[in-house]
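Here it is, the structure, as C-alpha cells.
Letters A, B, C and D mark the chains in the order given here, with residues in each chain numbered from 1 onward.
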Amino acid sequence: MHKKLKLGMVGGGRGAFIGGVHRIASRIDGEWELVAGALSSDPGRAAASADDLGIAPDRSYASYAEMAKAEAAREDGIDAVAIVTPNHMHAGPAIAFLEAGINVICDKPLSHTVEDALKIADAVKKSGKQFILTHNYTGYPLMRQAREMVASGALGEVRFVAVEYIQDWLTEPADPDNKQAAWRTDPKRSGAGGCVGDIGTHAFNLAQFVTGLEVEAMSADLTAFVEGRQVDDNVEARFRFKGGAKGTLWASQIAVGNENGLSLRVYGSKGGIEWHQENPNVMTYTPFGEPKQILTRGGAAKIGSEQSLRVPPGHPEGYLEGFATIYKDAADMIRAGDGGAGHTPGIEDGVLGMKFIAACVESSAKDGAWVTL
Amino acid sequence: MHKKLKLGMVGGGRGAFIGGVHRIASRIDGEWELVAGALSSDPGRAAASADDLGIAPDRSYASYAEMAKAEAAREDGIDAVAIVTPNHMHAGPAIAFLEAGINVICDKPLSHTVEDALKIADAVKKSGKQFILTHNYTGYPLMRQAREMVASGALGEVRFVAVEYIQDWLTEPADPDNKQAAWRTDPKRSGAGGCVGDIGTHAFNLAQFVTGLEVEAMSADLTAFVEGRQVDDNVEARFRFKGGAKGTLWASQIAVGNENGLSLRVYGSKGGIEWHQENPNVMTYTPFGEPKQILTRGGAAKIGSEQSLRVPPGHPEGYLEGFATIYKDAADMIRAGDGGAGHTPGIEDGVLGMKFIAACVESSAKDGAWVTL
Amino acid sequence: MHKKLKLGMVGGGRGAFIGGVHRIASRIDGEWELVAGALSSDPGRAAASADDLGIAPDRSYASYAEMAKAEAAREDGIDAVAIVTPNHMHAGPAIAFLEAGINVICDKPLSHTVEDALKIADAVKKSGKQFILTHNYTGYPLMRQAREMVASGALGEVRFVAVEYIQDWLTEPADPDNKQAAWRTDPKRSGAGGCVGDIGTHAFNLAQFVTGLEVEAMSADLTAFVEGRQVDDNVEARFRFKGGAKGTLWASQIAVGNENGLSLRVYGSKGGIEWHQENPNVMTYTPFGEPKQILTRGGAAKIGSEQSLRVPPGHPEGYLEGFATIYKDAADMIRAGDGGAGHTPGIEDGVLGMKFIAACVESSAKDGAWVTL
Amino acid sequence: MHKKLKLGMVGGGRGAFIGGVHRIASRIDGEWELVAGALSSDPGRAAASADDLGIAPDRSYASYAEMAKAEAAREDGIDAVAIVTPNHMHAGPAIAFLEAGINVICDKPLSHTVEDALKIADAVKKSGKQFILTHNYTGYPLMRQAREMVASGALGEVRFVAVEYIQDWLTEPADPDNKQAAWRTDPKRSGAGGCVGDIGTHAFNLAQFVTGLEVEAMSADLTAFVEGRQVDDNVEARFRFKGGAKGTLWASQIAVGNENGLSLRVYGSKGGIEWHQENPNVMTYTPFGEPKQILTRGGAAKIGSEQSLRVPPGHPEGYLEGFATIYKDAADMIRAGDGGAGHTPGIEDGVLGMKFIAACVESSAKDGAWVTL
C-alpha cells in the first residue's frame, strides 16, 4: 500500500506566509503528511500552531536542535524537514538536520551570506542526503517545457535573455506591523540584498534553469528608492554569458501596478519564447519567420517528459501546483535515494544564488563594474 | 487538536479523470483524508486503486451499497462520500449514502434524468444531511466577488448576461478508446444532453450563481455537428429572466482553438463585468463612464467576505484551488451542521440544472419554442 | 501623370461624424480630391462647411438635386459622390446621382426601408454605374485574409459563426443635444431598427463577407432596455445557413465597458479563427490539434492577394485605413469601369442588410419565430 | 477658403519605404499637398516617381540644391520640405532648404554624426524657420496623455523608466537586395549606430518625451549578434537621471517574435503606466493601491488638451495617424509662425538623439563605463 512520506517543518507558525504555502504544496499530490514541527521560537505560538495543524503535542518541539535529535531517534521519524524561516535562520537548522541524517527542503534564498551557504553545502556533501531548494517557479510545466525546448535547439543558439521580476508592494515604507515586509527590509535578517535576494534570486534562477547559460561576468545597479530603506528595492543587472550570449535582469518592488510580475524572454538564432508568471499556462513561441504560437500547459505542442500535469489544458494550474511539483520531485528523489531527474533546484543552485546576490552588491558598490560570480 | 474529516469515494478508480481531481481538491486545505472507497465496479481495479491511494483493504468495497452500510456502522465511519461516477450512476449511491445518514458530495450534472434528480432531492430532504454538488467554477474567488458585486448593486440593474463554455476536444468523432469521450457521447450514460449536460450545465449554473436571476422562459437550439454523434456537441440558448433581463448561453465542444473556454459577461444599468476561466485571476469591471478596471484575485478592490484566498494576488490560483474551495465549504458545513454561507452549490442547483438540460432538449425538439424550467 | 479622381459629398457638414471619416478615408491613398458638396440642408452651414474644406463656392450646392444636375453637366464634374446623410436620406440622393450618371459611394445601412433599398438597387441597375457601400470593416486586411482562408478550406467545412458588435454609448437615455444619438434612436430617421440597423448590419455583413454562407432561416430577439427608447438597443439572432452551418449574432449598445466591440469567430471542421476589431492587426488561427497561431496584418502567414498593406507588420493600421481601402477599391473600380475584385461591398450587400433588419424586426415581433430574408 | 500648405520631398522615390509613410501622413488631415520633389538621385527614377505622385514635371528636380533654389524663387513655392533620405544625406538638404528660407520636416535620426547634427542646428537657428523631426511615436494620443499625466503628478515622483524597442527582422544576415536593410547595416550610411540609431533613438526620444527627465549619466552595451554585421543589432543601456530617477533602454533587431515592439513603462511614487505600440489605443494606469485601469485613446479618462483624435474610442487609430499628427503639428506651427504647443519633436531632440547614439557607442567601447550626453 502506498505510504505517505513524513514531513517536519521549522518555522511557519501562525502569522507566517511561506510555511502555509509549503504545507499546501506538500499535500497536493498526496505524497507527504506533516507530523512534526518546531513552528515558532515562541513556545506558546509553536504549540498552538501545531495544534492547528494536527501535529501531536509530543512532536511539537521547542527548537530545531531538539527536533532534529528527537526525530532522528524515532523509528517513525520524519523523512524530510521543510525550513521556512527568514534567510538568516536557514543555516542552523539545515546543518542540524543534515547532520542528523534527515533530508532537507529549504526555502530560498539559501541563506543570508555566501559563507553560511558554503557551510550548508559542505553539510550536504558530508551527509549524502537530499537537499531541495524551493525555487518553485521552476515547477511550472511550461518552464520545464521551455528548458527542454532550449536544450533541444528549438531556439537555435541563445543570444539574449531578458528576465524580470517586478512587484509594487514595497512602493511605500514598510509598515512595521507587516511581518513579511519587516524582515525582508532588515539587512540583519534578509542579508545584504533586499529585493535582489527576495525575488532577484528567483529571476536569476529561472533564467539559469531554462537556458543553462553560465555567467562569465555581470554588472549590477541596486537602488533603494524609498527614503530610509536599508536594502535595495530595485535592481537591474547585465550579463555576459560564456559563449557570447548576453542578458538583463530587472527586479523591483516599487513598480506600481505589478503584483508578481515574473517574466522570461529568451531569443535565439532560430526562435524566441516569452512567458509571464501571472498567466503561467501559456507561453508564446515564434520560430523565426513563422507566426507566433501560443503554447499551453499540456496543450497541442506539449513536450511530454518534462511536464507535470494534473488537469487537462484549459484547466489552469497555478502557483501552488508549481510549488507542489517541487515537493513531488522531492518525494521521488527521497524514495529513489538518488538525485532525481536533475532539474529540481538543489544546493548548487542555492550557492550560485548567494554568489549572485553578493556579486550584485559588489558591482553596484563599484559603480556597476563587471564582476564574476 | 484539529482533526481531518473522513472521506469515502464512489468511482474514481484507475483510468478515471474527475475522481483524481476530487482527491486533489480534498487535500489542498488539509480538511479531509480519504479512507474508504468503492472505486470501481471491477473488483481487481477497485482493489488496486485503493492500494494506490493508501486505502486500507478492509475499507475498499465491492459496491457502493456494501460501503454505505459498512461505513454507517463504523464508529470511525466516513463523514462524507464523494460520488464521481458517470451521470447515470449518481442516483443509486447518492440515495444509498443519504439513507445511511452520510453526507454526499456529488459531481455534476446531478443525474441523467430529471426523474432521478427528484428522487435524490427527496432523499436529501428526508435525510437532513448535507448535499454538495461540485459546480467547481463557483469556487473561483472572482466569481464569488462577482456575485457579491451584483448583489450589492455595483452593476445597477442587470440587463444582459452572456455566458459561454466552448471547447474543441470533440471536433472529430470520439475515439472509442477514450473513456471520457465515450460515455459523454452515449445518451444511455450521459443522459439526453451531450455538450449541454457536460458543460452547458456549468455555464448555466455559473450565470445563475453570479446573477441570481430566475429564468422565466428559454429557447434553445442543439446540434450534433459531427456525423453520427448521438448527442449534441453544440447548444445555444436564449433566456428571458423575471424582471426583464435577458441572456444567452453558448456551449460547444467543436469550437476549434478553445481548450476550456468558460466565460461570463454581465451588463447592468450602471456597470459591466467580464471574466474568462482560462485566466481566472483577473476580471474586468467597468463602472459606466469610467475606465475599465482590472480586478485581480485578492487584489486592490477585493471584496473580503466572499473570497477564499490561499496566496497573495499575482500568485495565480487555478482550477484545483477553486474546486478545493467547494471541499472547504463542504467541510465547514459538515462541521457546523448547517447549510453554510449559502453560496455552495447544492441539491436545488442540481435539480435546476437537470431541468435546464430537459428544457434545452424540449425547446430544440420544438424548433426553438419558448419553454419554462 | 497620375490624376486624382474627383469626389463630391452629400451631407457631412459641420457637426457631423461620418462625413469627416469619409473625407480622411478618401485622402489616405491619394486617389481622391474633394471638389464639390451639398454638405448641409442649412444653406449657411453648407457654405461654411465648404469653405472649411477648400471647396470652391460655385461647387457648394444648396441641394443634392441641384448638385447632381450641375456636376453631371460639367466637363470636370465629379467622378463619384459620397452620401453620408442619416439613413432615411440615402435613397433620394443615391437615385439622383445614379440617374445623372455619377458613381455612388454610400454609407450604411443602405436605407431606412427595404422598399427604398430596392428602388436604389433598381437605379443602380439602370445606370450601369458603380455603387459602393461603406461596410468599412471588410477593408481590414485580416478580414480579407480570413475570407480567403475560409474560401481556401483552411478551416474545413464551416460549422459555427459567432459575430458580436457590442458598445455601451447608449446605456443611458440619449442626450437630445447629441446629434449622433438623436437620429439613431428616432425610428423616423434610422428606420425600424435601432442598434440592429446601426451596428447589427455591420456584424451581419462581416460574417457574410468572411464566410460566404447564405441564410436559410433566422430568429431574432430585439430589446429596448432603456426606458422610453423607441428602437432596440440590443439584438441577438440565431441563424441556420444553407448546408448545415449555424451561427449567432449579438449587437448591443448597452453593454457597459465595450467601446466598439466588433468581433468574429468562425469554427470549421479543421480549424478556427478569432478576431477583434479593437486590436485589428492580429487574428488567431488554430488548425485543429495544433497550437493556436497569432496571425498579424502582413506578418509571417500573410496571404498576399487579399491584403491591402500600407506599412509593415507591427506598425498598426486602424479603422481609418480599413475605411480607406474601400475608397481605394472604389477608385480602382471606377478607373477600370468594372466590378473590381468582387469583395467590395455593393448594392446586393446593401439590400441584404435591409432585409436582415426587416427580418430581425419581424421575427422579434413574432416572439422569435424563424423567418427568411 | 482653407488652403492646403505646399510640400516638397527629398528622397522617397520608387522602392523607398519611409517616403511613402510621410506622404500618407501629410494627406490624412488635409493640410498638405505634395507639389515638388527631388525624389531620387537617379534622374529616371526621380521623374517616374514624380509622375506617379502627380508632381508636375517642372517641379521634379534633379538635385535638392536645385530644388531649394528654384522653390525659394517661386511665388507659389513650397511651405516645407520633407527630407526622407538615409541618415548620412540629411544634413546637406536640411541646411540647403533652411538657408533658402524653407521650413524643414526631417526623418530621424537627425544625421549620421553629431558634427553634422550641430551644423543643422546652427542652420536652424540662423534661418529662424521651423524644424520638425518625425519622431512619430510621440504623435500617439496616449503618449501625449502619458506626458501630461506625468507632468501633472498623477504618477508622483518618477522613479524608474523602462523603454524597449525590439524587432526581429535582422535576425539573419541582411539580404543585399533589401534596400532598407542594406543601408541600415552599413556604418557609412547609417552612422556608427545600427539598431541604436534606427530604433534606439525612437525609444530614447519617447522616454524623454513622456517623462521630461534629463540624463545625468548613462552606460551602454552594444552587440552585433549576427556574424559579420558591422553595426550593432542589440543595445541595452542604463540611465541615471537628474533628481535620482533611473531607467533602462533595450533595443534589438534580433528578438525573434517581435515585429515592432516599442513599449514604455514608467513607475513613480504614486502610480505607474504601461503602453505597447503594437496596440497603441490602450494604456494601463495604476494609482498605487487601486485596481489597474485600462485607459483608451479618447476614452473615459482622456485628458483633452494633449489628444489629437480623429475617430471615437474603440475605433483604432494606428501608426499612420500618429505620424499624421506630427504633420498636423507642423502645419499649425508654420501657419502660426511659432514653435507650436512645445511637444512636437524639433532640432534639440534631434541633437540629443545624436548625442545619445554617440554616448552609447562610447560607453560600449569603454566596457560599459558611465558617460554623459
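Observations, loosely collected:
Criterion: contacts are C-beta pairs under 8 Å (C-beta built on N, C-alpha and C of every residue); 3 or more make two chains touch, one makes a residue touch a chain.
Everything numeric here is computed off the predicted structure, so don't read it as measured data.
Ranked by how far their CA centres sit from the centre of subunit A, the chains are topped by C.
Counting C-beta pairs in contact across C-D and across B-D shows that the higher total falls to C-D.
For B-C, the equivalent interface within A-C, A-D or A-B is the one where over half of the contact pairs agree by residue number, namely A-D. Mean C-alpha positions place subunit C and subunit D at a centre distance of 34 Å.
Look at where the CA atoms of subunit B average out and do the same for subunit D: the two points lie 55 Å apart. Counting only residues that touch two or more partner chains, subunit B has 258, 284-285, 292, 296, 299. Partner subunit A is touched in their complex by these residues of subunit D: 155, 159-160, 162, 168, 171-172, 219, 221, 223, 225, 234, 236, 238, 244, 246, 248, 250, 252, 254-258, 265, 267-274, 284-288, 292, 367-368, 370.
Those residues of subunit C that touch subunit D in the complex are listed here as 1-4, 17, 20-21, 23-24, 27-30, 51-57, 167, 258-261, 277-281, 296, 299, 310-321.
Interface residues of subunit C facing subunit A in the complex, by the touch rule stated above, are 284-285, 289-296, 299-301.
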